[in-house]
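Letters are used for the chains, namely A, B, C, D and E, taken in the order the chains are written, and counting of residues starts over at 1 for each.
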Amino acid sequence: MIRFMAGKLLEAAIAIWGVVTIVFFVSRVLGDPAVLLLPLGATDAQLEALRASLGLDQPILVQYFSSLGAMLRGDFGISFQHMRPALDVVLERMPATAILAFSALVLGVLIGAVAGTIAALNRGKLAELIVMSAALLGQATPVFWLGLMLILFFSVQLGWLPSAGSGTWWHLILPAITLAVFVSASIARLLRSSLLEILGEDYVRTARAKGLLPQTIFTWHVARNALIPVVTMIGIIAGELLGGSVVTETVFGWPGVGRLIVQAIQNQDFPVIQAGVAVVAIIFVFINLAIDLLYGVLDPRIRGER
Amino acid sequence: MGDFFASLVKSRSGLFGFVLLTLLVLVAIFAPLLGLASPIRGDLLARLSPPTWTGPFNPGPHPLGTDEVGRDVLSRIVHGSRLTLMIAATAVVLGGVVGTLLGIAAGFYGGIVDRVLMRLVDIQLALPLMLLALLVVAALGPSFNNLIIVLALTSWIRYARIIRGQVLSLREREFVQSAHAIGASTVRIMLRHILPNVLTPALVVATLELARIIIMDAALSFLGLGVQPPSPSWGRMLADGRVYISTAWWIVTFPGLTILLTVLSVNLLGDWLRDYFDPKLRTSR
Amino acid sequence: MSATTLLKVSDLQKTFGGKGGLLGRGRPEVRAVDHVSFEVRQGETLGLVGESGSGKSTTGRVLLQLEHPTGGEIEFEGNRLTGLSKSALKPFRRKMQIIFQDPYASLNPRMTVGDFVEEPMIVHRLVGGRAERRARVAELFDLVGLDPSFARRYPHEFSGGQRQRINIARALALEPSFIVADEPITALDVSIQAQIVNLFQDLQERLGLTYLFIAHDLSMIRYLCHRVAVMLRGKIVEIGPTEAIFANPQHAYTRALLSAIPVPDPDVESQRHAIAFDYETQKSPDGAEMRPVGPDHYVLA
Amino acid sequence: ADLTIALSNPVNTFDPHMTASVGSDLSVLSHIYPSLILRGPDLALQGNLATEWTLVDDTTWHFTLREGATFANGEALDAEAVKWNLDRVRDPELQARVASWFSLVSEVNVISPTELEVKTSSPYPAFADQLSMFLLLPPQWTEENNPVTATMAGGPYQVRNIVPGESVILEPNPEYFGDPAEFDTVTFQVIPETGGRIAALLAGDVDLVTGIPVTEVDRINQSGNATAGAVDSTRNVMIKFNTTVPPLDNVTVRQALNYAIDKEGIAQALFNGLAQPAQCQVLSSNYFGFNPDLEPYPYDPERAIQLLAESGADLSQPIVFDVPAGVYLQGTEVAQVVASQLTDIGLNIQITELEFSVYMNKYLQSRELAPLSLLAQAWPTIDADGLLTLFAPGNNYAYWDDADFGAALDEGRSSTDPAVREAAYKTATEVMCEQAPAIFLYTQPATYAYSNDVTWTPRGDDWVRAFDMHPAE
Amino acid sequence: MAPLLQIRNLTVEFSTRAGTLHAVNDVSYALEAGETLGIVGESGSGKSVHALAMVGLIPTPPGRIVSGEVLFEGVDLLKLPERELRDIRGRKIGFVFQDPMTSLNPVLTVGRQIMEPLRRHLGLSAAKARARAIELLDLVGIVDPARRIDQFPFEFSGGMRQRVMIAIGIACDPKLLIADEATTALDVTVQAQILELVRDLKKKIGTTVIWITHDMGVVAGLADTIQVMYGGRIMERGPVRSVFKDPRSAYTWGLLRSLPGKLTAADQRLYQIPGSPPNMIHPPAGDPFAPRNEFATERCLREVPPLLQVGAGAPGHMAAAWYDLPAALENKGYA
């Protein structure tokens, strides 16, 4: 077990290192932050001085290794734009992202699970058609369009919910729904096919031959097994929500990490890009570690292999 | 082939998807011959005109209205289908080929190859999709090719993961063993025995990916990374038109509906394909 | 029988798991084949029986170098096979073939059966042109009792017996001298088993083939094989001429095995009593060796 | 009364010397930190901490400060404090982002707590304008705290609450030396997406939004809850030429391109007439140095085609047209119309939409500006000296080298006499119109909408300030 | 005494892409309490499907019970609502499926899977059910059952899993035990143990057994009655001894003949039944075996023969044949 965890952690570390390295080199290709930081009309000498003070005048490999070393100590450097440690800037935005991602995930998984189950248990009936059409609609709707529509309806027309910001729980509702629609659509589709597959398994027939009650069969024999692929999917979605809900954050003015990183890219604020991506990657990797462990709970075969 | 079409006709939703998609592709191919207004040149004075219909069967000059620089929305949707479908298809094929081949290699060789590739998948997954897209487009510059590269880049892992899983069980199958036994080369085994047997799952992934990529194009355009103006693509139209969502609903609504229809048809076709190839659903023995 | 030795196996070992690399998960070691020695003679059928998981399939696969042995040596027609590279092995691949248990899983579902049978000839650049190869495929189909016009069909269009014939045709394409048949009839219906067994015998007569025949069905083994080897937990515990083993089983396990064979005769069956075998108390002692107990008949004791 | 103002970008830093962005950081900070001089909604300068400022000679400025002004912590807001601030931004250690505004300042002398003298190394007529963007920190407090995250009010408002990346909530600063604040709270709410901003206004969640598409103006006015409109901004939109590469090194080609564009049409059709077509210069009428006598190139595609033919330039290659994504009001639309009109005169135009940072990098770092690029420039001091300098020979930003133009600018800079300067810029703009280093398009309208709960005087620059607003009766 | 199980005219179809597949055609038979019925027959002859159909376990769709009655203790199971059927499944009718690898839920402990029917049908408390499960495991010959009960199926070998399946099947002391190729995957020694177990069970609690298998040897040793199926129909049925010694269906005869044990020294090769099994989507019009039957008459090809008591045979020995096999054999010169 310890060996297993150590192996997983090493793999995780390699993945994070890969992410950080890719981001480091790709972001340096973006160009020169100095021209964005200084006001119009700044002279070459002023630009030069700023570059030097940001440490951008060094050869790229020197920059890479020194920043890699610093990163190992948890130091991502001072944000060019925010003038304070990049990690602070990122961590400050983390709660908002986490809350949104978590509620969207919970909401999406709940809706998706119910919808997927209804569809699978009503194969070929109207209910399946309705649920699956809704899921398709959910997957085919661009997030920004959905977000704007929700604002126009619930905030402007009805005046029920705030249109932007993150102050209260009310603020959370629209962005969470926006994201949850996509999540639930994916989960519903995956769960449906997973359930259908499990429903055809021999051991479900065994369970029925034992005369078990339908709810027992569904809970212990069908759902338990059908959840395994869904859990993997949840891991991937969690990662996407953590770093990738940029569009939703933009539409709702939600102060999340995704938009922070996008802005950092637009402003070539390397330390923030680096810290943001690293934090998201670390969280993602840990979520997936947790999911690996959850796997063990769900599927004793995996536990047995350790 | 006869069986294919017979079964397609029997599955009403599959047929619907197939017909719709065929129609879309035909429209895309013959777009320039349809005698529509220019999708590029607009009439500034006719900017943001609403759809005009003088009667139920009597469309005016702009049946779906005009956009923010006075171009015919219908024409842009029709011409946009070329770019959109081309981007989606190319990205799907590119991502599919790369992902499938790497998935096969990972599953077949196992060991170090597998580990390296799966770490790559992890890295790719840990790197938020939009940011990756943003970085690549920002670094390489926006162009049709780069857009496709970005989309393919976000897509290959899905194939690789699924295919790898399939190959892991395939390589233990006895016909693969038997190929080893006759002394077939590794390349031959991968191409002749493994590849044909993973094409079905790859195809199913591809249908899902096609839909996802069309939506991705819209999201990328939202961040200004999509197709270059003035070329039309559905995603681009949607993103550019969003500013006018409440003053000129038709600019976003029609491309949106078109995307929906396309995604719908591809998914229906995909669902049917999955069923069609599912051995459990086939007449066995 | 004093025929020439075609294949000689000495001290063969194969272990699975147990290593656990840097990131690997250590699994308990399985000694699937545990210091096994035997020989197969030109033109004979050697039966291999034993309990499930005793290492029969592994032995067969290692013989064909589909798996690398952990230790020991294999000699084929006097040439050492162990340790050869993939390319050095290739000439031997022509002479040794394998047929698996499951005729469904043994065929590539996405290849026409004609292509499947033709493939070995392409790999070994055996027959000149495509037309010639096709002709040879037709010949092979004839040989195994299939209509050559079936060559363009896909596996799912065939019944189990027909599929197993296709597998055999493919194995024969290279004109091998030695075939490992790993439970080739277990998955088949009684009425089809007979067809396949007959085919095996016909081919042996016509082409002088040598078989290693792995099976559970001892009555079939008794009918088909010249000699039988009995495996238990990775070791051969008894080997000898079929009749000698059936008439005079020496090892406790062999006895248990033989007594468990159900006989398709109600009168006999009602009298029969299976002898129990308990591995822990009745296994051969450590350091046991093969001892002769009759002509050509050895037992581990 | 409470007030909420929508911003499109979040406040990144609270140190007023480490940011030059007027639209977000400085606008918010101007409520917290005082400046010597303020620019009113009419774009004229007013006193704030400074009650009077005079140009003693060409290079010496004299300021008189208010008496008894303090920061909220009681620190004096006197000449000493101002000097400390000017010294701070000029300190090379600090690398203040706004240092370049004060690179001409050579000496700061405290005469008395309420009197200050500043010497510049050469005439700096726009110094007072520049000071309107210069916010003052409490010296003592700054030494002891980190002004990047913490604040100590000296302006009309102080910070109540900050949600990073989302909002800054202000409340009145009781110690403020000027007119007391009129709102109980002022919230700056970040809403990056245009659609979201408008929705928020219509939903009553915010009171002021800027930078909305012109098509929304009528709709908002019709809603009855808010007032929308536009004024001329200080931002002037052009298609900048890279005159160092063919075919734009050919003046006839450049002129032809100016004839080819229907500036009036663009202003009318794309901006519903809210944009002011450019008068053959990059200055709009609100700039000092604006030349009212220049006439725009008429829209004459025939003429353009003819000129292209005469120019002898090789026009067979596609001409790249760079457009920064999403930064200018309706920029992509304008670019597409321009490209389409240039196509009409037979050019092969290829639009490339670029991330703004990449665009800037091409412009200033790798120095490979595309032959054509959409650009809108404003100079915060609203003075020809700044904006025109961006075209001066040898300037990084110029991509154009015209000695006559350079000479005229030098003449303008050498004096602080408005009449002399005016004459010099008249010459400069004439040369520029003639030589056409850009297609002069229009002045970008500063669009806005505010709720009927407040009153506001719209302004053409980027400042958004609560103390310019009042609760409606 | 009324039979325990009476099947009348059971017909089951599957709709497939290629057309309707006639899996079970008009099958009728009765089973007395305490009787052991061995069913053999060609692969695909409807052995499994008819057994599953009895207790409503065929997948619908694509499956469909077209007609028939299944009277179990006088009640027609096919008309019983699912709710009541559930009370019978696992309680009065136990099932053992062939494939032990896939028939056990991989994520639940073996003990739990055995306890489920005990708790559901007998209402045992968790502790009691556990005790009984340990007892059952012991009964099917699993060593150290108290420890094994908490393990997962993947920790069991194939033979052990099959024994677990049997433990589940007999958990509630069912009146009827249906075992579908329950020992096919096992080697002969393990198979022998399990057969012994079933014999014991019959003796102890008088369970009625339906044993589906390919192995004629197993039937010979275990069954009282043998039933031979082909093409979805019963070809022959009767007391084991009578059928083995005196088969009246050409298919039964062929099956028995192709066994290696039946070989005489004179035979060069095993006997093989010519031809291949029927396509059940387009089944032959008459006797399904007729196309492969060298003794088939004109009538066999046209008309389905009824299952009738064999003239001179033992009571209950029935065959479906238009021809008279002993006579035909003699005619063709078979001994």
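Here, a contact is a pair of C-beta atoms (placed from the backbone, for glycine too) under 8 Å apart; a residue touches a chain by one contact, two chains touch by 3 or more.
What you see is a predicted model, and the numbers here were worked out from it, not measured in a lab.
Trainee: Between chain A and chain D, which partner chains are common?
Mentor: B
Trainee: What chain pair has the highest count of contacting C-beta pairs?
Mentor: A-D
Trainee: Using mean C-alpha positions as chain centres, tell me how far chain A is from chain E in Å, no decimals.
Mentor: 53
Trainee: Where the centres are mean C-alpha positions, what is the separation of chain C from chain E, in Å?
Mentor: 31
Trainee: Just give me the whole-number Å value for how far the CA centre of chain C lies from that of chain D.
Mentor: Between these chains, centre-to-centre, one finds 86 Å.
Trainee: Which residues belonging to chain A are in contact with no fewer than two other chains?
Mentor: 11, 30, 144, 148, 152, 200, 250, 265
Trainee: Could you list the positions in chain E whose residues touch two or more of the other chains?
Mentor: Residues 43 of chain E touch two or more partner chains.
Trainee: Can you list every residue of chain C that touches 2 or more other chains, as numbers and ranges?
Mentor: Touching at least two other chains: 23, 159.
Trainee: If we count contacts the way the header does, which residues on chain C are in touch with chain E in the complex?
Mentor: For chain C paired with chain E, touching residues are 50-53, 159-162, 188-191, 193-195, 197-198, 201-202, 216, 218-220, 222-224, 256-257, 259-270, 272, 274, 277.
Trainee: Sort out for me which residues of chain E touch chain C in the complex.
Mentor: It is residues 40, 42-43, 157-159, 186-193, 195-196, 214-221, 240-241, 244, 254-256, 258-263, 269-273, 276-277 of chain E that touch chain C.
Trainee: State the interface residues of chain A toward chain D in the complex, per the touch definition above.
Mentor: 30-44, 46-47, 49-50, 53, 81-84, 89, 92-93, 96, 144, 148, 151-152, 155-156, 159, 162-167, 250-256, 259-260, 263, 265-268
Trainee: In the complex of these two chains, what residues of chain D are touching chain A?
Mentor: Going through chain D, the ones touching chain A are 9-10, 12-13, 15, 18-20, 92, 95, 97-101, 103, 146, 148-149, 163-167, 189-193, 195-196, 199-200, 202-206, 355-358, 360-361, 363-366, 377, 379-380, 386, 389-390, 396-397.
Trainee: In the complex, go through chain B and note every residue touching chain A.
Mentor: 119-120, 122-123, 125-131, 134-136, 138-139, 211-212, 215, 218-219, 222-223, 235, 238-239, 242, 245-246, 252, 256, 259-260, 263-264, 267, 274, 280
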